[in-house]
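We just call them A, B and C in the order they show up, numbering each chain from 1.
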Amino acid sequence: MATAPKQPIISIQNVTKRFGAVAAVDNISLDIMPGEFFVLLGPSGCGKTTLLRMIAGFEVPTEGRIVIDGQDMAHVSPNKRPVNMVFQSYAVFPHMTVTENVGYGLRIARVPSSEIKSRVEEALALVKLDGFGGRRPDQLSGGQRQRVALARSLVMRPKVLLLDEPLSALDAKLRAAMQFELADLQEQVGITFVTVTHDQDEALSMAGRIAVINKGLVAQLSTPSDLYEFPANRFVADFIGSVNLFDGRLTVDEPDRAIVDCPEIGRIYLNHGVTGPHDANVHVALRPEKIAMIPEAKGKPTAPECPEGDNIAHGQIRGMSYLGDITIYEVKLDSGRVIRVSRPNLSRYDQEDFTWEDKVWLSWHGSSPVVLQS
Amino acid sequence: MQDWKLNRALFASIASAPTLWLVLFFIVPLGLVWLYSFGTNVGLTEIDISGTFANYARALEPLYLGIFLKSVWIAGLTTVICLVVGFPVALAIVFATPKWRPWLLLGIMLPFWTNLLIRTYALMAVLRTEGFANQTIGWMWDKWSGLMTFAGLQPLGDFTPLPLLYNNFAVVLGLVYVHLPFMVLPLYAALDRLDKSLIEASLDLGAGHVRTLLSIVAPLAAPGIISGIIITFVPALGAYLTPDLLGGTDSQMIANVIERQFKRANDWPFGAALSFLLMYATFIAIAFQAMKSRQAERRQ
Amino acid sequence: MSLFKPRVPLAPLEYTKRLWMRAWVGLVLFFLYAPLLTLIAFSFNDSRRGNVVWRGFTFDYYEKALNNESLMIAMGNSLTIALISTIVSVVIGALAAVMLWRFRFPGKTATEGAMALPIVVPEICMGVAMLVFFAKIGFPTDLPWPFSLGAIIIAHITFCFPFVTMVVRSRLTSFNREEEEAAKDLGATEWQAFRDVLLPHMKPGLVAGALLAFTLSLDDFVITFFTSGPNTITFPVKVYSMVRFSVTPEVNAASALLIALTVILTTIALKVQSRMGGTPQGH
């Protein structure tokens, strides 16, 4: 038998959801593979939560199909779907103990009570809540409540676990720890995770693949590093991380190099082709940490892997914010445009300590800029 | 919160009017009734506070005890019907679209603001022998009868108007009619407070709607359900107008008996004793509610 | 089952879109409104008795009702009583609310309980208490109007003001004490701070409480029944005596007028609430 191509666990096919005249989800199609950690990322109101709720069965698509594990879900109610959800508010039943909460779904499925007991204990151990079984939800912290919600869903052994903004209600420290823990947990249980978030850090640190959603459409679907380094459009470049965007004209476009003329910053050289329409208006994205900065006194530098004079700009520091590990500078270019440059603080007493009003040279590598056509 | 001693003059100027009013026109009158309940009639208008329990003893005679128990039974039945009828309505309002919700709420509230007497009167007009209920049923009866003749069956015969008014049925119907908003509003408030994702979580974990209703919604809305029950039961128990206007000779409730002692039989001490028995019953119901809702809150 | 399955599946929580739910709500609303609407409709019916059959449109009974002197006197009494009771109830009720919200004092729990008592005591008991009380103190029955309404007004205030207290108090819980402190910090006296900061915040509560008190007073039958004399008949008491044994188109007309008044008052209440008590000040 020939090896069949791997079948997606969730297949979203041309799904549209309208609320009145507004399309919250606009003809989205995407496949989620078994065992994946998949993240739907986007600003609030972009339709990502609606999409998740349609997978869970709490919203019904206006058009299109949702297929889970080969089965069309059109007439399958949420209680019959092979997926479980961790709610944003966790939705831990306040009138039940932790054990009762986690065992709720199993009791409904009429699993024998001895098995319920062992599976609940197993699930609580998995989320590191051993010994908390007798507690009531109001005796738990936010993080612990979330673990209860996780255990309550995992104990059902769903094919897919859906998580709606799982970390948004936690404080910053706990959130960072939970990011790693969720990723570990997913690896451990091998269940497909589909997570919705508006927090790019969260998405980048946990996801295998990310679908960036904007205005009901998929803006880009790729791995975290590709999303950051090779954004497909201005929305993604701007939404993921911090970026300087320039308008320009693509004047040279050859297989091994490309040049964009930008009125605000000068000639931007790329050490690879971009296969864009020649002489077209394009946008260039340049991330602040990819720009090197030296004092004016050191003389005009040459950017690495660039012809002389390209990828160089001159400006003056107009503002800075010290963040401990890095410092972000606002540099006003000679054209008047203000851009952001970030520098790691490598030592406690930086030799090239910059301050307000300093005149500086900026340069960047020929592989750093990204040309965007939309 | 400020201690009253910090500003005695301010406290006195704010507190004196309401306190005085309450004591003078509420506590004192009730106290008088309470004293009278231990009194005996001497002469036509004279009442001697003799400290006797005879009035209470008389109230426990089978005749009055029977009326009392019947009042409890009717009020209880009214409450159960209101709960069964009102719960889906409250649920529908909670899950209605934002555009519809205020209108549905208004739809429930408006009769509640309408004069009780007028509502009762409107119901009388509908339920009379020649009222609309009977007219409609009679019309349907005739049609059905005609249909049966058409089908070659024996016709039903003449329609005799149903006795819809001046009986226990009319009293319960009237009490439900009047008190339904009392039940729907607290239920609505309780269900509205409920985190909808708890319902979704239950469905997500495999429970059906009925199971979710019983094991998630009902326990969490318990304080609201209990207060709806009490808010309906208490006024229904002390109802005067509805049994008086819609009831027949056998559907008197305790309030009608009390009224008779004061207005016609002129036996104030006995009426006072009955009044206080009704008040005690009310307080027991309210204490029960306070206890239950505190329990329910503690459980959450 | 499959016959009734909707073609477009419903989301699980769209209870309101379910057919049986809509039918249920529809039936309940029908139950609540049908009697009232029939009453209003047949107040225009041109038929002397047994107004079951439609005999044509007429305003006759409105004319009759409006020309019925005793009915109109009763209506005037009712409105006077409601107006005075409302004003006094709002003042006393608001004071009680501020007292309970602002101060800590010995016997507070008992006071709170006593203030809520008139709300829960059965009407009949309160009516009886008022009857006994006014008989005992020998309240004069031969005073000129409107003082002759004094007993009824006192009774009405007693059962209305705790409702005002309840409404105003719940409004006060949303008051930010720092606003008052800020006013005093800026030099306001106790009275100025109250007038300029606390009172405006209480206003929606006061309006809601006033409307509630007015409706309760206008609506009351039982307590009034025990306190009114032959010269102090209110509208409900008058209607009661008219409807005890018969249903007449004239009463229909008078009732329809009162229903219209209720609808107007409710509309005003909603307008006022959405303008002042609504979102902007609600935080």
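In the analysis below, a contact is a pair of C-beta atoms (placed from the backbone, for glycine too) under 8 Å apart; a residue touches a chain by one contact, two chains touch by 3 or more.
A quick note: this is a predicted structure, and the numbers were derived from the prediction, not measured.
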Notebook entry, point to check: Count the touching C-beta pairs: is B-C or A-B ahead?
Noted result: B-C
Item checked: Label of the chain whose CA centroid is most distant from the centroid of chain C -> A
Notebook entry, point to check: Approximately how many whole Å separate the CA-defined centres of chain A and chain B?
Noted result: 57
Next item on the list: Can you check how far apart chain B and chain C are, centre to centre, with Cα atoms defining each centre and the answer in Å?
Entry: 17
Checklist line | Residue numbers of chain A (touch at least two other chains) | finding: 57-58, 77-78
Next item on the list: Hunt down the residues of chain B that sit against at least two other chains at once, touch-wise.
Entry: 200, 203
Checklist line | chain C, residues touching no fewer than two other chains | finding: 12-13
Notebook entry, point to check: If you look only at chain B, which of its residues touch chain C in the complex?
Noted result: 1-4, 7, 10-11, 14-15, 17-19, 21-22, 25-30, 32-33, 36, 85-86, 88-89, 91-92, 95-97, 100, 104, 106-111, 113-119, 121-126, 128, 130-132, 135, 177, 180, 196, 199-200, 203, 209, 234-235, 237-238, 240-241, 245, 255, 258-259, 262-263, 268, 271-272, 275-276, 278-279, 282-283, 286
Margin query: Please output the residues of chain C touching chain A within their complex, sorted ascending.
Written below: 8-13
Notebook entry, point to check: Of all residues in chain C, which touch chain B in the complex?
Noted result: 12-16, 21-22, 24-25, 28-29, 31-36, 38-39, 42, 50-52, 91-93, 95-96, 98-99, 102-105, 111, 114-115, 117-118, 120-125, 128-133, 136, 154-155, 157-158, 161, 165, 190, 215, 218-219, 221-222, 226, 236, 239-240, 243-244, 247, 251-252, 255, 258-259, 262-263, 265-266, 270
Note to self: Using the touch definition from the top, list the residues of chain B that touch chain A in their complex.
What the structure shows: 195, 197-198, 200-208, 211, 215-216, 219-220, 299-300
Checklist line | Residues of chain A defined as touching chain C within the complex | finding: 57-60, 74-75, 77-78
